[in-house]
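Order as written gives the chain letters A, B, C and D; numbering starts at 1 within each chain.
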Amino acid sequence: MYEFQEQIGFPILTVITFLPALGGLAVLFARGKPNVYKGITLAVTGVNFLLSLVLIQYFDRYTATMQFVEKVPWISSLGISYHMAVDGISVLLIMLTTLLSLIIVPASWNYIKDRELQFFAAFLFLETGLIGVFCARDLFMFYVFWEVMLIPMYFIIGVWGGPRRIYAAIKFFLFTFAGSLLMLIAIVAIAYLARSNPFATPVFDMDLLENATFSYQVQVLAFLAFFIAFAVKVPMWPLHTWLPDAHVEAPTAGSVILAGVMLKVGGYGMLRLCIPLFPDAVVAIAPYILVLSIIAIVYGALVSLVQKDLKKLVAYSSVSHMGFVTAGIFALNIVGIEGGIMVMFSHGLLTGALFLMVGFLYERLHTREISEMGGLAGPFPVMAAFFSFFALASLGLPGLSGFVGEFLSLVGLFTYSKPMAAVASIGIILAAAYLLWMYQRVMFTGLRDQKWYKVPDYSLREIVSLAPLGILAVWAGVYPNTFLQLIQPPAARLTEKMAPYMAESGSVVERIFASLGGLF
Amino acid sequence: MMKTAVLLIPLLPLASFIITGLFGKRYFKEKSQYLSVAAVAVSWLLSIYLIIQVERGEELSWQVYSWIAAGKFKVDIGFLVDQLTAVMLLVVSTVGFMVHVYSIGYMKGDGGYYRFFAYLNLFMFSMFMLILGNNFLMLYVFWEAVGLCSYLLISFWYTKQSAANAGTKAFLVNRVGDFGFGLGIMLIFVTLGTLSYSGVFENAGRIGSGTITAICLLLFMGAMGKSAQFPLHVWLPDAMEGPTPVSSLIHAATMVNAGVYMVARSSPLFHQSHTAMFVVALVGTFTAIFAASIGLVQNDIKKVLAYSTVSQLGYMFAALGVGAWAAGMFHLVAHGFFKGLLFLCSGSVIHAVSGEQDMRKMGGLKNKIKITYWTFVIGALAISGFPGLAGFWSKDSVLAGAFNGGYWYFWLVGLIAAFMTAFYMFRLIFMTFHGKPRDVELYSHAHESPRSMTIPLIVLAIPSVLIGLVLGLPPEDGHIDRFLEPVFEAVKGEAHHFGALDVGLMALSAGIGLAGIFLAWVFYIKRPELPEKAGAHVGVLYKAALNKYWIDEIYFALFINPVRALGRGLWRWVDVGIIDGFVNGSARFFRGVGMVLRPAQSGKIQAYMFSMLLGLLALLLVYLALTI
Amino acid sequence: MTPLQEYLALSMALFFIGTWGVVARRNIILVVMCIELMLNAINIALVAFSNYSPIGGGRGEVFVFFVFALAAAEAAIGLAIAIAMYRLKEKLSVDDLDEMKG
Amino acid sequence: MKQDLLAIMPEIMLIATAVVILLVDPLLPVDGRRGLSWLGIAASVTAAIATWQLRDEEYSVFSHSIAVDKYSIFFKILLLVVAALAMLLSEKYLFLKKRLLGDYYALILFATIGMMVMAEAVDLITFFVGLELMALCSYLLAGFFRYQERSVEAGMKYFLTGAFASNFLLFGMAILYGLAGSTNYQEIGDAIRLGPVPSGPLVIAIVLVLAGFAFKVGAAPFHNWAPDVYQGAPTPAAAFLAVGPKIAAFAAILKFFTIMLGSQESTWVPLMIAVAILTMIVGATMALLQKDLKRMLAFSSIGHVGYLLLAVIATGSSGRSIGMSSVLFYLAAYTFMNMGAFGVLVHMTNHSSFGDTLDDIAGAGKSFPWAAGIMSLFMLSLTGVPPTAGFLAKFYLFSAVVDAGYAWLAVVGALFSLVSAFFYLRVIVYMYMRSPEQELEMSEDGKSWDLGLGLGIAATGVIVLGILPAPVVDAAQNAVVKLLGN
């Protein structure tokens, strides 16, 4: 029952997960001067980021087995254990999480005026929830962390958000909670169905569940329940409408984490649970999900195109970009899955950066209405440079991170169905349209008000917040193998898991699309 | 050594870009050109070295590192240097170098001086990588990268609404083309499992006929975007909003040729699909005459040149499409030089008249700016097919290729377009340099450009004159044909022997060119009132050409406005209306249920008791209902 | 011997009368009395059952004693609260108790 | 005899303490009465320890009318915790409202004894005595502020409806007795299972018993009294009334519907499903409309009863221990979170001109940082968000329901759980995300160590049961083993 993998000498996953929460408690109870608690926050997130680098360093990237295993019984009569372990996908996302958490500290150093202490504490708790989801290897734990991250975010939006923050916060909570409850029931159901006999304890351990087999009907129902929970987080069309509201109202740092990490949790869940646990159902339902993904891609882009609020534009663009994630994953081949993960990673970097920049812009202009901007490249050349960099990366410019993921996920989709990939590719055209048009309206043409020349350009603090994201974006674009290596073994394992079912797949929609594919 | 050269050629401009971009604003300022020009100069020298090596028969195929490896999808960053690369390298490095030098003078005093050179360097890097790459994905990647530079440079003067619009438009139209290109690449990958040139071309024979047509057409879609072929040509004329050196380098001599390069590079694929070849030729020919007809009536000096570029690119595609591969590349090289020259000359003119671009305000400038005038005339003669100059040989080989390939209709259309070309080029010359000054104010201030600008003109004039003689003689078996033979070996048609008929054709095309020049002389020197009359005579056609056949307006009506309306509709109706309506509605629904139940909570004790009794009754009824 | 059914019928009748009284009367004292009536109806049933039961004889009667005790306590408490209410409102109608609702 | 007294030693302690309190109370000055609550608390704690000491043996005493086994011990300790918490919450409140009387504590102790008897009874008569002891004390507690119209109204409503409903339960029990000829649970169960029993009277008995219990726990449509009573009763008393009687009633329900009516599950399960669904609907939707926090908590507790009934259904139809033990765990979690929530209201009333409404709680995040913090904790726990007791309870409960094959009922439960999230979160919204329209008048008199301790225990309970629930889960599972035989 007890298990501990001597890979690094100390339970690094536990440390990396709970260190922020401890930091949060320290912040709450220390109640020091602003610089004290900000310092604590910075130190904790910094150490955590370093720990995540250590994790990657010691991580064996050539195997798909779970590593850094820590397993201790927790509620043994219910078959629940404290079980943490990671594979390449988790490690990559943990790194992203710790990086973004670190970055938002300097980025919101002067942003929050009211109840600042609680703000930083909330972020630390949030980080624990997020990392916990990526580490959990026990379904119950997974769900606990899944919900735990909900609460700080709810407060962050609701307390420190914009004018319609309450509506946005409740909407955010209820959307996610609705999905979670379905997932909870599905978790319970499969845990009890996976037992060997009716009097045995239920099975929550993912390792064991992955080897269990469920009847087709159970698979489909449980898959849908899980999937809806994850689809809300991703968010997939048509479950996405909480996202624009939440983003617009959330404070900058909230948007960064929300877009940068929280949406990834949805995609991660699909990879971690939906596919390995219900391979049969996945194969049957994938075509429908792909259709939804493609709708999301095009729909998000179209709606983005006509947004008047900068933040909302970026928010809808997330819907579109995350469509590539699901499209890649449910193309059910290794290229697509790796592409989907790369999109998650790169979207975390890029959209995080875009939200940061929108925040910085707002701090200067006190507006997010695109129509009130224009010509800002004149007074703010550095800002314009960063803006263009991240906008271009986000629209999938090759050589930057966005391209690799989107292209791979499209290749994966193309392998699955050619017409679908063709429609999804329209999203790339539209991405260029909405981002460049936005950039043009914000940065180009005549300046509205000469007074902006008196406002300073990016400070060192702001540049330092953005630079790491930019460097990683270039890195992931120029040498993506660093990251692809990490996710290759798990992705291969997932496809192997599905391989036996792929042959016998035969849903109606898929057959229709297959026949359409013949036209090409 | 070759490896070092291949590595340095792109990396030097990249390094210069990074350094200038980061430190230009604060430290280099007006001295930004030194580093940039030096970097490109070295790249040029190294390119010449490479070309000589290739000429000697050396080739290079080098995998530098594995770029993307995801499952079966494996793509390397690697270089391929062969004859085709060398030809491109010649044009790109030479014109690039000259444009850099030219820009020193042209951009002097501009607020974004450093930025300009940084962008130019970035462009050089991307363009070098584009032609040096050894696989389709790299081609695609740097295809987009040059597009980015094009975007950045078109909207270089971003405070101008029109420049900003033009940049965005260029990028978007290119993206539409890249949509096809990308799908084509995916189709190649899915079909063959590899994207490297060697891997694809070796296995090209294995591809089914339908698939290969699909691949070729998709790839060609990308080429149409980048090389501004109808109907994706709309961005190039607008791109003239950028500084003139940019128009010369990117939008005439190098980037727009990428499409031609790509089709030429993919010749083993295209060769297998007759349909695709025919489409290429058809689009090329149509674009050639279509753009020429618009060029006839434009008044903006750069717009004329822009439409001319579109038209000439059409020629190149026509050549490739009819199987005259070498002719197409020949025209690419020749056009690269003389169109680069023409743009730089127009820049010099614009520089002379303080930024005015409308030819109707010019006139009589030939005495004021002599060097510009004469180099301009050389360029114009070259493009018009004046016997002996570069354009004569290259255009003739294109037309001959079409004729000999049996596509007499393409040949005929090409011939008409050649006539138009000569006409509008000399219309431009006469309106700009001859006659009386129409705007005295501008005229009086006109001055010759500084030496940094005139020297590139002179330098570029030399190949415009000579390159045809050097490369193109004897026709159809000239140096360039032999040089490129290894590349196009597999796709070559049956051997053709130069004969009397060809001489006749040559004479015909020369005559057509001269006729065009003569007509322009009649219209704009001899009888300046004629253009208006003629315009009135063919009113509709004239108006259509003047308005570029309303293509932009049609796109707005057909695509852009509907897309925006769709976006707005989806947002307002689907997102806010239906989905949020459902969400908020379900919240209201539960409140509504509460409101319905509320009266039961009346506060009256006996009502409570009564409801208990009802509950009892209901339980019994439930039981009865379930048992019966 | 009178059959069990008849006792039970009586008990039911009393119970329904009590129920009707509780729901219909407005005066709190009367309502409390009707509640007592219901209890007595149950007592009749209990005694009857006890008498006719083959094995559990006697338990019913014991039960009845406890019900008696309860009835007394209930009446006391009910009246105590009624007095408190009367002091505050000077009314003893159940309809006056509807300040809290909804 | 010795065995008998030993088994009910905890109850005897409580009775003795209650009597002492009643005797001493008139002799003490007002200030001196403040120690009485500690007397009561000490008695409760001692009784709890005494109960705990009995855990290893099983007693069936007083002619097999009381069974002290693990099951009843679980409930008795839980009830004693409830009593102790209620007394901790009450003292300062009563003092400030000038109703600090020993009677109050005595009533709480007597009610607790009644509840304990309900939990341990295995005989209808004993059960009835316990039930009425609890009920009569409850009426008085609800009406304890006899100079407040609302309190009196609450007392009267509770009394009339309660007595009315008790009669149905009693009538049902009488019929059961008549059918089986015995008042012992086990004998009744055997008689119903084995012998030919006329189905008509049996169904009527089941319906009557079900209705009576539904009233006691506040299940729809027998719930209408609950909001009015909780709103009108003194807040600490409401806390007690919202939790204690429910625990005791569920202890009895589980015994009734398994030992006695286990063989009739095909009859009562559909009825209880209907009741459970209606209860969840009423609880969730009505709570949405409430502006008064006590009423909101009342409807919320109605909603929780709906979930609990789901677990009872699961027990009945699967006969597996998990359903029953999930009820036990849920009640434990419910105790801490619900008493905690009421306790926060008491705290705020003590310290300010707080009026129990949502508007009054606006801005509490700033004016009452700690209280608002733990109130959020309780609200999240009631919503069922990890890592709180409420989550684990709901998780466990849904497990039971799904395991019993009622996944669809779990989905219904989840739906109303979602609806209920809305009004629980609204409390947090008001506390943290809105600024008050009218500042509350603060007063310094309210400082209370007792109350702080009570809230601390509740908060700790919520967190501990959420993070380290294993001991309680195990206890709940052990408690039900014998009852179900597997």
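Everything below uses one rule, namely that a contact is a pair of C-beta atoms (placed from the backbone, for glycine too) under 8 Å apart; a residue touches a chain by one contact, two chains touch by 3 or more.
These numbers come from a predicted model, not from an experiment.
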Chain pair, C-D or B-D, that carries the greater number of C-beta contacts: C-D
Centre-of-Cα separation between chain D and chain C, whole angstrom: 26
Chain B and chain D: spacing of chain centres that average the CA atoms, whole Å: 77
Distance between chain centroids, defined by C-alpha means - chain B, chain C (Å): 97
Rounded Å distance, chain A centre to chain D centre (Cα mean): 42
Where chain B touches two or more other chains at once, by residue number: 598, 601, 603, 605, 609
Residues of chain A touching at least two other chains: none
For chain C, residues contacting two or more additional chains: 22, 94, 97, 99-102
Touching pairs among all chains present in the structure: A-B, A-D, B-C, B-D, C-D
Residues of chain B that touch chain D when the two form their complex: 587, 590-591, 593-595, 597-598, 600-601, 603, 605, 607-609, 611-612, 614-616, 618-620, 622-623, 626
Chain D-touching residues of chain C, taken from the complex the two chains share: 15, 18, 22, 28, 31-32, 35, 38-39, 41-42, 45-46, 48-49, 53-56, 59-60, 62-63, 66-67, 70, 73-74, 77-78, 80-82, 84-85, 87-89, 94, 97, 99-102
Chain A to chain B touching residues, read off their complex: 171, 175, 238, 241, 244, 299, 302-307, 333-335, 338-339, 342, 375, 377-378, 381, 388, 392, 397-399, 403-404, 407-408, 410-411, 414-415, 418, 421-422, 425-426, 428-430, 432-433, 436-437, 440, 443-447, 478-481, 484-485, 488, 491-492, 495, 520
Complex interface listing, chain B residues touching chain A: 25, 65-73, 137, 140-142, 144-145, 148, 151-152, 155, 158-161, 163-165, 167-168, 171-172, 175-176, 178-179, 182-183, 186-187, 189-190, 211, 214, 563-564, 566-568, 570-571, 574-576, 579-580, 583
Chain D to chain C touching residues, read off their complex: 124-125, 128-129, 132, 136, 139-140, 143, 146-147, 149-150, 152-157, 159-160, 163-164, 167, 170-171, 174-175, 177-178, 180-183, 227-228, 231-232, 289, 295
